[in-house]
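Below is one structure; the comments refer to it alone.
Lettered A, B, C and D in written order, each chain numbered from 1.
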Amino acid sequence: MSDLAEEKRRSKSNLLILLLRLKGWVSATRSMASKTPVGFIGLGNMGNPMAKNLMKHGYPLIIYDVFPDACKEFQDAGEQVVSSPADVAEKADRIITMLPTSINAIEAYSGANGILKKVKKGSLLIDSSTIDPAISKELAKEAEKMGAVFMDAPVSGGVGAARSGNLTFMVGGVEDEFAAAQELLGCMGSNVVYCGAVGTGQAAKICNNMLLAISMIGTAETMNLGIRLGLDPKLLAKILNMSSGRCWSSDSYNPVPGVMDGVPSANNYQGGFGTTLMAKDLGLAQDSATSTKSPILLGSQAHQIYRMMCAKGYSKKDFSSVFQFLREEETF
Amino acid sequence: MSDLAEEKRRSKSNLLILLLRLKGWVSATRSMASKTPVGFIGLGNMGNPMAKNLMKHGYPLIIYDVFPDACKEFQDAGEQVVSSPADVAEKADRIITMLPTSINAIEAYSGANGILKKVKKGSLLIDSSTIDPAISKELAKEAEKMGAVFMDAPVSGGVGAARSGNLTFMVGGVEDEFAAAQELLGCMGSNVVYCGAVGTGQAAKICNNMLLAISMIGTAETMNLGIRLGLDPKLLAKILNMSSGRCWSSDSYNPVPGVMDGVPSANNYQGGFGTTLMAKDLGLAQDSATSTKSPILLGSQAHQIYRMMCAKGYSKKDFSSVFQFLREEETF
Amino acid sequence: MSDLAEEKRRSKSNLLILLLRLKGWVSATRSMASKTPVGFIGLGNMGNPMAKNLMKHGYPLIIYDVFPDACKEFQDAGEQVVSSPADVAEKADRIITMLPTSINAIEAYSGANGILKKVKKGSLLIDSSTIDPAISKELAKEAEKMGAVFMDAPVSGGVGAARSGNLTFMVGGVEDEFAAAQELLGCMGSNVVYCGAVGTGQAAKICNNMLLAISMIGTAETMNLGIRLGLDPKLLAKILNMSSGRCWSSDSYNPVPGVMDGVPSANNYQGGFGTTLMAKDLGLAQDSATSTKSPILLGSQAHQIYRMMCAKGYSKKDFSSVFQFLREEETF
Amino acid sequence: MSDLAEEKRRSKSNLLILLLRLKGWVSATRSMASKTPVGFIGLGNMGNPMAKNLMKHGYPLIIYDVFPDACKEFQDAGEQVVSSPADVAEKADRIITMLPTSINAIEAYSGANGILKKVKKGSLLIDSSTIDPAISKELAKEAEKMGAVFMDAPVSGGVGAARSGNLTFMVGGVEDEFAAAQELLGCMGSNVVYCGAVGTGQAAKICNNMLLAISMIGTAETMNLGIRLGLDPKLLAKILNMSSGRCWSSDSYNPVPGVMDGVPSANNYQGGFGTTLMAKDLGLAQDSATSTKSPILLGSQAHQIYRMMCAKGYSKKDFSSVFQFLREEETF
């Protein structure tokens, strides 16, 4: 127990390590032959079109979702639906999970009927959920004990990209297994990036979204200030975009209605990436920053701003609606 | 597993619940006769004087600390030293723990040689560590399974108050057991406040310290601004203290050297409550706010400021040194 | 013009100095006999009851307001109403001004029909408006050129305190003249504090209100977080108020409905100190901080929060309504 | 004086209007013949190479600077040096000013020996300084009274761009005069953008730099967090730059040493755009936001961060050194 002293400085994420260490599981070997069945757990807005793209590439699927209705479409199409993640693991040695939160991922892997209860030795487990990188690391450790390989592979791109197979996957895990992951992920995305050790896929996703939130709020504040100072919004956007203030939020997703076509701001902030989802990702960034003691002054403020927006009726609007949120005029 | 859907909205703290649910323990009955031995785990800067105050009140102690040196003084005084938290639980049915972080508390209670491994049925377990309230709730649940009662009772007041027996305890847990807790805590503190269900002691502590951090930084910013605008610091403090800007940081712990005697600012910010500790507590506040989706715009900023101070050489100074941190002049 | 190089480092407030230097005015001597007429300019919500308190103490008034209606009541009571600040200066050698913004104060003193156009040598000019301290200094300089004395004496306390003669005055200016100012201000306030050179009255006011805003928002965030963590609001307030988180906003003006009686939170945030006024004072704090290069991380954030509240329908509510603003729940 | 009521809602910038209204000046007509002498006031780091580019294009110059040494080089080259801005105005009917602060600009235009004291009717006055847009508007108004035209034309691009004639000019003022301004500015910059009414050039500059500061700090926080989470900095930058987090600060001016060549981060943050200058521009953004009541939560925080950096020894380093500032490790 003298290790304990050393651990004093480690972050809260380590709690999981201690708790999970008290457990154990059993195992088998992965068939590498292509077109053997692939397990898919989580058929929501994103998982549904992703799974369909795997089908288009000829992969038979073993399907599971907590909501049976979500599986019906696949059952009708002839895919095999089972009744727990453990059952998926029994029938497939390559499994993709696409779940909304860390807690769902833990349940799907380590729960009473989780994947790890029946996972075969040598299985490849790819988690495309966006969750805390500390949880990804922990799940990888548990998988390793069972002789399986766990990789984190969160996506960038929304439902549209999921449908057209143009997602970007940021992949963390053992480098030797990257090719195997790429075979499957390449059916669902046009861009599969290897990021490093397990957890770095999540880290890359979280980092990108934190910078995105900051630059989106910055763009909204700036456009609003410029307009109040008498600048035409289209002209201001043009000037920023040829100058050092340029960012994706200003040149490809401008939050000011009337500046660009085909973006949520042109459509009353419908579609796109919801404020609630951004608030969730910023919560993960905040947790990671707290546990690594990294100062994120603006990231932390961005988190609070999206949190407030959720409480003010913006939760389902695209995250660029922060312009509208800031824009409201004072009334006397 | 249809519960899972419900849980989707719950916070990350729930991870622990899922993970801990997979475990179990056994039990006995608590002797209520006064002056039976009391277990004490964690004899650091705070735990040491707290345990001594129990001794002064005639309680024999069963002692454990990960650092054997910390126990020596008590052994010399005739108290019994054992070699694990489990051993403490075997010999005492009232136990107090005073540990630096959430992870240490989990280890001491749920670890391989933790209290819960040998706890007697009916035991009273009081944790005076400052930790995440979600962990306190979880430990209480585990204790309950063993037939024991867990209460959280973090303290306010530093080493001085610990020595003089003037700590304030904020206690969360089953109300029926409060009197029993008070019997022991009253030996170490002058103020024992019942806060509600388990976890609310931590909540009260975290809330107080977040407001303290905010008002301390606010006082430092304000005093610095006033001085630069030509005000005499003592006069400014006097004006604030008779006006609506008054707060504990301005009237009892003023951060500006020369304004008050007997406070850390009068002694080069030595002693007092260290910046690192404040940063830690603000990290807990941040975690609680993220998991309850509470906006804390200033609390979050205060966290980042103390985080930066730690990186700039202020970690061991009293937290009122934020005045010095902000005060530094621009150099050209 | 070699002075210019030196001035490069000075703040924007100096602009006024340069501009005002180009001008000049003329003068006479102040009658010190008590109960000679006192000029009063600005009979709004605050000025009206203040002027009445002077009347109660037997001072004949010379009245002016840009809105003639505001003077009617005084005319009916037999006081003399004139048609410009210059006319007030012609008839009274002690003048009090109570105006809403810096610009109104400049107009009243330096405008085409301003006080300084006809001020008598030796006159005492007391400005109780809350304005930029840099403007107060500039007006004092101009007054001095005319042989008059200008003092800044902003108030703390609202309409109620103005009516009952219980305002606090924070006075900046030549110390020799403080007694003379006190004679008049003592009729309107129970507390007249000498703060130092001209401008320091404003500085003290601005500093107090900045710390007040910070601690009010901090209290609101803290109470909200505590409630979400399961604490009873009254109990939490009690704990904070006996601990280091204690501040005027928590113990005398608690923002949570149901915690205290007789405060705006008990009355749907009506009455009290309006959010718009707080936003105005924070704007002055921000300007002063920018020009003195003082970092105000929380002060600046507080300013932005009150600015947003004004845009979200809170402008006329008491500034403690920030609790309500933060409290709103997320809707899904 | 009933105007006053209306003005109550206007910003502090209006102070200048009132003060300047009290003054007056005299005038003549601008020679439009090309290659007549051009006045140039302010031969500092930026003004020097700008003036040289005008010379290269064959314009004789009439030179003035408060520091005579700054003029020597031009005198040696045969240009005419005079002893005040007024003298410049007497000899040239097209004048360019390039000065460090608002106060210097006011002195050069409205001072005792300012341009407006002897400006010829029909003169074109182009101010390339970065100053408060409210001051630009005021100077334009005064110039108009003298029958002259004032335009604001702040630059983007540093000393390198000034030397190579590749500056970007953002121009505000009467549209009819834009072609005349472009004739001169085109000799010094590769990009001359018309932004709208007078003051909008400044507004565009301030807006760009505020967004730049926000995205630079955001990039620094993000890169730091990612590195601490185990990502390789070059890989992280690559991922951001192909994703929605992409911004000029991440893809063209990355603040992390080792990620890019030829940027200040590759050279110990030397050269580039100094932290002090960024703090100054953010001060202008803050002033404009306060006076237009625009919420700038992140802009305001960025201002405070650069303010702190100036006090911590970063004032002369490039503004991308915020990465270094945040990066420092905690020491225990």
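In the analysis below, a contact is a pair of C-beta atoms (placed from the backbone, for glycine too) under 8 Å apart; a residue touches a chain by one contact, two chains touch by 3 or more.
Protein identities per chain, from UniProt: A, B, C, D = 3-hydroxyisobutyrate dehydrogenase.
No experiment lies behind these values; they were computed from the predicted model shown.
From chain B, how many touching-chain steps at minimum until you land on chain D?
So the least number of steps between the two chains is 1.
Decide which interface, A-C or B-C, involves more C-beta pairs in contact, and give its chain pair.
Pair with the higher count of C-beta contacts: B-C.
Taking each chain's centre as its mean C-alpha position, how far apart are chain A and chain B in Å?
35
How big is the gap, in whole Å, between where the Cα atoms of chain B centre and where those of chain C centre?
Centre-to-centre distance between chain B and chain C: 41 Å.
Centre to centre, by mean C-alpha position, how many angstrom separate chain A and chain C?
51
Do you know which chain D residues sit against two or more other chains?
Correct list: 293-297, 301, 308, 310-311, 326, 330.
If we count contacts the way the header does, which residues on chain D are in touch with chain B in the complex?
276, 301, 308, 310-313, 315-316, 326, 328-332
Given the complex with chain C, which residues does chain D contribute to the contact?
Contacts found on chain D: 1-2, 4-5, 7-8, 10, 12, 14-16, 18-20, 22-23, 66-67, 84, 100-104, 106-107, 110-113, 132, 135, 279, 283, 286-287, 290, 293-297, 300-301, 303-304, 307-308, 310-311.
Show which residues of chain A lie in contact with chain D when the two form their complex.
Within the complex, chain A contacts chain D at residues 133, 156, 168, 170, 191, 193, 195-197, 199-200, 203-204, 206-212, 214-215, 217-219, 221-226, 228-232, 235-236, 239-240, 242-250, 252-253, 285, 288-289, 292-299, 301-302, 305, 326, 330.
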